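Input: structures, listed below.
In what comes next, subunit A is part of two complexes: it sits with subunit B in the first one and with subunit C in the second one.
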Partner chain A sequence: MKLGKFPPWLALLMPAIVLLAAVVLVPLVLSFYSSFTSYKLTKPDTLYNWIGTFNYQKAAGDIYFWTAFGRTVLLLTVALNLEMVLGLGLALMVSKVTRGQRLLRTMMMFPMMFSPILVGFQFKFIFNDNVGLVNNTLQSLGLTTTAIPWLVDAHLAMFSIISAEIWTSTSVFAILILAGLYAMPQDPLEAAKVDGCTPLQSFRFVTLPFLMPFIYIAMAIRSLDVARAYDIVQIMTNGGPARRTELLWTLIGRTGYVDAKMGYANAMGYISILLAIFFTVYFFRKLTAARAELGMAL
Partner chain B sequence: MAQVHLRNLIKAYGALQVVHAINLDIADGEFVVLVGPSGCGKSTTLRMIAGLEDISGGEIAIGERVVNDLPPRDRNISMVFQNYALYPHMTVRENLGFSLKIAKRPQADIDVAVNKAADILSLTPLMDRRPAALSGGQRQRVAMGRAIVRHPEVFLFDEPLSNLDAKLRTQMRVEIKKLHQRLGSTIVYVTHDQVEAMTLADRIVIMRDGHIEQVGTPIEVFDNPVNTFVATFIGSPPMNLLEGRVDQGAVVLTDGSRLPIPPRYTAAQGAAVTYGIRADNIMPVGHALPAGDHIATVDMAVTLSEPLGTETLLFAELAGTEVQAKMLNPRPVRGRETMTFQIALDKCHLFDAATGSALRRA
Partner chain C sequence: MTHIIRGVSIAAILAGLAVTAQAQDFAGVTLEAKLIGGQQYEALYARIAEWEAATGAKVNVISKKNHFELDKEFKSDIAAGTTSWCVGSNHSSFASQYPSLYTDLTPLIPAEEVAAYVGANIAAATLDGKLVMLPRAQFDVSALYYQKSLYEDADKAAAFKAEYGYDLAVPTTWDQVRDQAVFFADPPNFYGTQYAGKDEAIVGRFYELVVANGGALFNDDFSPAFNSDAGKQSLQWFVDLYAAGAVPAGTTNYLWDDLGNGFASGTVALNLDWPGWAGFFNDPAASKVAGNLGVAPAPMGSAGVRTGWSGFHGFSVTEDCANKDAAASLVLFLTNEDSQILESAAGPLPTRTAVWDHVVAEAASDPFRSEVLAAFQETAKTAFAVPPTPLWIEATNLIYPELQAAILGDKSVDEALQTASDAVDELMREEGVY
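Here is the complex of A and B:
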């Protein structure tokens, strides 16, 4: 049988190329193209209405978009740093446990086993101002008599969302840092003791530098995650009330599917992806630098 | 400056006791080498002195202070680890200066001390490299440099040369000895290599299974081993040991040949004994050193010879036991040639066959 006029290597690669084109290339090109049209889901014809960079200009001047952008960066910064500190603490504690460490490690992974949608529902319940666990507890303890609007007040709502994020994902940091602690050579720590370090100084000057690559890997993974945060927020507050917890992707999702302005949503999406790319590149740079510092292969 | 005293020092891991109530007094400025086969508790002892390992019983004193409950940082010691244990993320300069930085010494002082150590150990061209970019020998020198910048009271070395090739090892051995002469600090040095122990030590401590077998200067432990373990562990090739029974001032070997009891030893009639002869003290007639006043001769068939240049090592058989002998001013040896050997009895040893203890005349 002849394979047409294709060289054999191309013929052999064809299935992969076709598959990639179907699932990656076509949607990418299509969505990118549509961001230059006034495409509305309700009016399919608008897909052919070329409007140049209008959507991008509109996004650039859209205060809601930039507020959501800023809020996403804020969430990313706060959540990642807290998760890092908590994950580090958790990993250090677990690494000191001598009995039942396997069990603890498995338990540590539990939050990651739940769908973010369910976590969203769970925390929505926990922070509910009427029947929620938090308010009930606070009231039973006599710490407050009012129903604190955890999911309504702008600051409290962000706090609640960050709590849910941290609950689900601190273990990502904990587990990667724990892996780092297991891989850590013990000799330099002993040398540090002899060189006069207190336990805190040993940690600061020897352990932490060794853990940095692991922390940066976790940061890179999690920054991608948080930059596309959608489900937990969508369930807990739906970006509201009155856009107080609007993140990039809740805004984009609503613009695309509720307002049906798919062209505009895609334009915002492409701008947002720059954010994810920026953080990923940033943390991978840090990772490479930290590894080089430890004399690891790059 | 500091002496180190170990008093009934014990280390146990759970029910397993690995160091058994050892006693040792190390003088100020002394270079003491702990030597013994691998697993005998040398590192454990050293690490207890350093404070890296809890003490299960007994006492350690450095200078006048009992340090049992002091963390390593309060003991004023430096340690060179077998795997160097350099800080991988720090440059050579930072590695060297780290302890001084932790001690909050002014940067100018740190620079002076670090540069001086670098100079002594020829590390100056490497100061800005990280450990990953150094060879084994260079890392070893950094580890030593890190230990000397601080002027501690006691240096602890745990097999610092065992990861180096033979040539570098010999070189560094000389460097360490010079360093000790220059610094005059107390050094406790652990090795499983008896040559290293002999060449470096003021006093050697020979350990086996968590016990100290013998303490003495290199010459003392070489000339007067207290038991067969020390006799075979110290010296190369190991001392030849021949089983026999005492009969009227002589030892009758299993084949009936008789060797006089060495002058410095005594044994009861009929006792089962082990006769010890070093290769240096059993040599073919005409190829031997002057052997002293007391000489015995034996005939042995040579089974193998190893020419080493200035001497040849001969493998022969005596009373069913393989015996190593030396031939000075060597000549070629034919296979299975029978030669007459002189034994320098003044340098021979006699041990109790059951306990292995030396049967020295009181």
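Here is the complex of A and C:
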């Protein structure tokens, strides 16, 4: 019997390999193959129409694709850094609370429990120029007499989207950093105190280096999340107006499912994956360096 | 007399036999359906039980979503080859995208039944010679809603005449709409008008204005025709209103619900909108313009043509359906006179000639309803559907960001239309349209 020739370890791993191949490899290979075809959802026969690298060439020469690519990098950079700073502050403050910390930790996680679609609708209403909470507050306080177009203005629209992203995900950073704070040994901090370090110096040279591995893990996780940002943007602006908030996945989603051009959408998707790979590699290198600095195992 | 009674009895027996035959025809058949979802459609779906009782068939509704979501589901079904369900909700704006999905209903529906629908609707439901759907009583064309009190204020009338040189009256042209919208606007508290600002919606509005101004969106071969004087004149209208602050600053992000709720909030003077909103706008519990609401036919463009972008919902039968006769029977039932009378009682416009007559007669004692119907009936006379190309939605996705860019001042009207026209031309060539 042929199966008997498999070494036992391979035979035992086979179910997992088959399962992984079915749910990961097959869709991956199929979508990669389709990126070399003119595949349209509404014309199934086009899946067999091989057009070489046409889709990749088209994406490479498409100014709107690269603008969306650049905007996604911008969103990633701004959102991740702000979330890190706010999450760090939140974690430091919560770690100092002596009573009701458990309740605070639970409350801190509330935004993560909302569906991104719901967050999108919520912030769409908050930033609505006519009936939105922000404009009505500003107008009631006499701070403005105009209707500020939060979701339309080139800069404010991205700001509004970044606000929604930050609101929903800062707690990811806060929770991970808080875990780092709990795991931190107190001896180095006490030694720094004895050596006459100010609280700021203790934070800068003792606490922060210890927290950096936790921060890089949070950054790696969130960079993958933000690089795939879709739901919130789709609801708030759908990439508009005039492509002012177009991100990679609003563009790719529209191309694939509304225009039905799945081959082209997959090609854009594969180019976009480079972005996620770059950020993941970058943050894992940083993580390794931070751990090495602390003398942790690599 | 005896002959008459005997004749009536025979007719009754034959009718009874016909019903029984119909009931036996589809016994044991189960039809799977994908229908548009929403509270306003449920009254009609409640009638499905009657059809089941009459035919012995069963209907299993396997999906209920809005048309945009259904559209994505249909495309996925076509891609996966899972199209053996039988009845699907369809829409005139989406229908041309699924050339292989739905069957031709002509051999399945008696010709005299087809003739009972409004001819223009049947023409728009016929693509490449195939009758791909039967229209339900959800016909959409837009008329002009306005706040009556604005036209009863003598001071406003005098100020308007002094500024624009003609009497202030409910506008009959789009140039008058622009003048009056700018005149009435007092942002951020009150706006002259508003328009749908993204997706297919803004392209639809642009399309109807181009036609009203004597142009066309596409040539006969579907090459772009909107980069023309009529196109520029139309886009300039949108740009002028935005630049003057006569429309809300966020209008380029608005879709139908934002527009409807905005007008109901009493902060907009003139609003081109669909018939389904009439009841909501005149409901004191939901709308601040209730009791102060007027409805006029859609204004005309510079070519003396009314705007009239129209669409309608319908039901189709899939090509892969195993029981096309049963499915066609259900589709006919859901769009027959009784069904359309039921649906149109809540406000939507019918697509059967006899039901139009019925609705108009019913509304005779209600002045508001009569005004609404008169305005929409007048507009419907010259209404036109979207261009019959499967690339309609894809083309709108290329056009609308450019329209927005011009409205927001990122590009000039000429630049925006040139870019949009080039993009649509490239699409049509790439897809082998010409």
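Definition applied: the second predicted complex is superposed on the first by the 281 of 298 C-alpha atoms of A that agree within 3 Å, B and C clash if a C-alpha of one lies under 4 Å from a C-alpha of the other, contacts with A are read in each partner's own complex, and residues count from 1 in each chain.
Criterion: contacts are C-beta pairs under 8 Å (C-beta built on N, C-alpha and C of every residue); 3 or more make two chains touch, one makes a residue touch a chain.
Here the structure is a predicted model, which is why all the values come from computation and not from measurement.
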Superposition on subunit A - do subunit B and subunit C clash or fit: fit
Superposition-derived comparison: subunit B or subunit C, residues of subunit A touched: C
First, second, both or neither for A:95, with subunit B first and subunit C second: neither
Partner chain(s) touched by A:146 [first = subunit B, second = subunit C, both, neither]: second
Contacts of A:288 with subunit B and subunit C, given as first, second, both or neither: neither
Angle at the Cα centre of subunit A, taken between the Cα centres of subunit B and subunit C once the superposition is applied, in steps of 10 degrees: 150
Which of subunit B and subunit C A:242 touches, first, second, both or neither: second
Contacts of A:262 with subunit B and subunit C, given as first, second, both or neither: second
After superposition on chain A, the shortest CA separation from subunit B to subunit C (Å): 51
Those residues of subunit A which subunit B touches in one complex and subunit C touches in the other: none
Residues of subunit C touching subunit A in the complex: 71-72, 75-76, 78-79, 81, 97-100, 187-188, 197-199, 248-250, 252-253, 261-262, 265, 267, 390, 393-394, 397, 400-402, 404-405, 407-408, 410
Of all residues in subunit B, those that touch subunit A in their complex: 50-52, 71-73, 77-79, 81, 83-89, 98-99, 102-103, 130-133, 146, 150
Interfacial residue positions of subunit A with respect to subunit B in the complex: 185, 187-188, 190-198, 201, 205-206, 209-210, 293-296
List of subunit A residues in touch with subunit C within their complex: 41-44, 128-131, 135, 139, 145-152, 237-238, 240-244, 254, 257-262
